[in-house]
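We just call them A, B, C and D in the order they show up, numbering each chain from 1.
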């Protein structure tokens, strides 16, 4: 018999990816889909599910939802209204919002007042390659943001060698699905098509998430400046970092050693591209140095490794399953 | 001294194209930009105008607006609320909505109750190649829809040869700018990108406009079925017609003869593409027959020949200017 | 122990899709990859395979290749040079080229002189929904073209009701992957981007394939005119047919009855889109009538249902496996 | 009577843009189009020119070509074979290749052996905002590369304030038209679509061009690392620079002061986008500082300001015309 999962916020882009992943998962099945309103059917919202997985989306009631694992695919500030109730009922939660990713201080400085600071302290940051053992026993996993996933995975191996008197600059480019299903002037086809632009340069809230995690990992402060862009692709993101090292080194060697045991982080000797990871859980990383200056470039699928497949990897760990169950490996090529 | 034009509905995609055309027009200048609310500036809505044309968008009052020509770039049903007042004040109007394009009977069957049937009767359908002399003296020109422009220009030459016992099928593909500036699920980048789909098949309201005009021109009823699609391009449209002739003929010869004097209709011996007309007033037409079956394919820029540049051509005629003044000819290639 | 497959022509787009499908297939594994030159590695040509499936592409020798099933993903005219040798050695072959799809007469009229007319006669046209039982026992299956797959699946149910005195017009739109991996002016990004154009209108060679198959199925001649287009998407195609019926009918009912037992053909009451099938083996069909005129619209993934997944379905049948093993169902949405 | 221009290399993307610009130029007309082979017609290569500008492309003979100005739109290393002959005949030349942009030392280190070092010394680097007076009297202007144009224009104002002990990192993104008309795996639609990737990171040859020019302007060495990308758009590029200043400052103020008299450089308080400059000669620049760290972002049309319209601006200056004659200002919006 399979374990069961509830997906809360099933109609959004991340929710839909969770549905797709669990439809194929060998040991977890979907117990129920939930949304704020309910009343819709997933195969009507997304005809791609017709004949494959058809189900109602129910109104979400945190007092009644059940499952071996609860995925919260809600906007930030909505998760912290309900996660506590789920945890108090003994349920285990993977939260895909930003609500449990940051220290209280940073959350309140960059987002809003936190409604559930107690559970915030217990939450584990869900990057399996870095925090696997803590994730396995956590009742609440804060699933990382998409930009932070790519940035942290590609920079963590270099933390011992970073010249901390110098800034790290990150120039990141995201597919539009990262902006979510809601229509806006920014996501109108005519705005995005044949265009590229930075948004929230130096002020995007993922900046603090990257910095905080890298400081926890490296145990020393770093200076980091982050500029994200929207580009005319649906999914996938490329996160480039430019920084200075304390001494020249072979960056490919550093990466290969750090991720020697990690099947879902691939180190490339040629520049990585987004299409080779779109549709998968892989994080592909390329790096190249010129003297003490380092260029690191990481590609992930923003909706999968940057959200849904990472959430499933975390759930697998929390449920004592093999970490790679149900994680997609075949890219949307050609 | 230049003539002056007022652009009502200046912030929409069609309005913006009118602004771009008149900025470069040798004999007409922009007298004022108007919108329902007003209070915005065109160069703030569209930074492309910075340093080039900067102006406030004023609240539109049909009792006070002035100009040698008034362009109404309003949604349908909004135009007929105000066009009458403008006409009664002696102003000349090019209306880019659907409000004055159809017979009363068809308008009310396909749109809504008409509020200004008096002026509807006087309106001239603004396809210069077909109704040039009437346009020159019309106080009110109904600027054709985008699909009808391409369909009518490409089918009109064949009217004497069409087998009327057989249907005409039209399969049309439009860039997303045709759906306007308003955001919706249909215009979300993630809906359009890597996708194509028909919308309102057999029921789109441009169908009756094409049929009515072709019947006026050909003086006999035709049977016509129309299916439009959205495709992942910003601007441009391709309108394909499939029909039967009373006898075999050389369609290129028919087209060349019909448009021998028309510089803005180009007859092609190879299939036409949208990119060669995007950014211009040209309508490119290709045709090919197999026995009595005919395939005709027309490409236009939906926002220019399908809206704004056709409106300027009409205004030129109404103001006794040369028809081609200010009409763009350089495509957005490569 | 798994059955083995050889993939000949593994480096092309169709070959790569076959690799992707067989990597995940529960009962068939890849015995070897072959190409004309050999010497390349699949994960170097397509870095998406790194860490997932790494293998050399060997030079293809029809006298030595082994496998329970041989997939020939070669250009037309290359297949017929080698298929005979494979069949004579007792191997079973799915040929993805056009070489064994047509009658000798039509092949030689539309392609070139046939080099293997003997086996041509024995080949079974591999549309599982229509020829399942013949496929099961065939030594050689001719895998259908992409346009024909969508056209035949969507028109076959209407064959009893088609007015044969009237033409069928087909307007089809394909993603660029259908044009293959080879670079040309037609597949240059700048040619395709923001563009749409017909190619080989009324003369494309898939036209005769559609006509021949529909005449075999319907046992009466039909008149058919076919116009394909390239559109700026990578994969997926939409095939629209316009035709006349002998009498009015409910087309959805006809389709639903015809495909009642077929899980991979989905009948839709709303217009279908390409994105809901891209990445899958599904064929989605929508139809709508106006009196005796019928509009039918079918969407498939050109590289999967139009090539590789259909080939795997055929191989499953030939190897007495369940037809749906390894066929992809999850679309590339959102 | 108009001045005449010869366009050598008229069939490439840059050549076509030159044709488009000169078709509309009030004081320069096209004297002749030239290509290596000749024998083609511009309106057959680009049907967009039909009915607008139709002309043969002649074989290019440097001993016989005439004109008040000669535009060389040739690949690098081809220009230096012929530019000398033109100059020796007293003709004035705008060279759009890389052949006359760099010092001899850098050219030979990054490209190949120089065949015309004599004229190399006399060539003026054609960035009008920076070298206007020298351009006016130059017989040979080396038209800047696309990336260098955006990088130099956006960094030059900050040269007095740059902390030269720290590196400048440049992350640039280009539309595919920058890769030229020739088809290759890199420019295949299926490679570019839904993708982004760096190419020649840290090693692209525009890197030395940017560095050399900034060092000439700033009179001190700088350390610069450059990573360009291809993105799925046709035209336009965004060039982001990240650097450190000697002290905090208001970057908008610095930019506004530097370009106070320059109509074609627009300083923006909001992040710039590519679509607002595509189709124009504008360079839009945004900048933002965090303490001593500076982010600068510049958008241009790679084929216009990055090539053809800059060449026309240079020609205007060389011919004592007003600099802005024939320069396009209307962006390809919406």
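FYI, contacts are C-beta pairs under 8 Å (C-beta built on N, C-alpha and C of every residue); 3 or more make two chains touch, one makes a residue touch a chain.
All of these numbers come straight from a predicted model, not from anything done at the bench.
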item: Between A-B and A-C, the pair joined by more C-beta contacts; value: A-C
item: Chain whose Cα centroid lies at the greatest distance from that of chain C; value: D
item: Euclidean distance of C-alpha centroids - chain B vs chain C, Å; value: 39
item: Geometric centre distance via CA averages, chain C-chain A, whole Å; value: 37
item: Interchain centroid distance [CA atoms averaged], chain A/chain B, Å; value: 46
item: Junction residues of chain D - those touching two or more other chains; value: 13, 177, 181, 190-191, 193-194, 232-235, 272-273, 275, 332, 334
item: Partner chain D, residues of chain A touching it in the complex; value: 166-167, 169, 171, 173, 175, 190-191, 194-199, 201-202, 223, 225, 227, 229, 231-236, 238, 240, 242, 244, 271-275, 278, 286, 288, 290, 293, 295, 297, 332, 334
item: Touching residues (chain side chain C, partner chain D) in the complex; value: 13, 176-177, 181, 183-185, 187-194, 232-234
item: Contacting residues of chain A [partner chain C, same complex]; value: 13, 16-17, 20, 23-24, 46-48, 50-52, 177, 181, 193-194, 234-235, 263, 266, 268, 270, 272-273, 275-277, 279-280, 282, 284, 303, 329-334
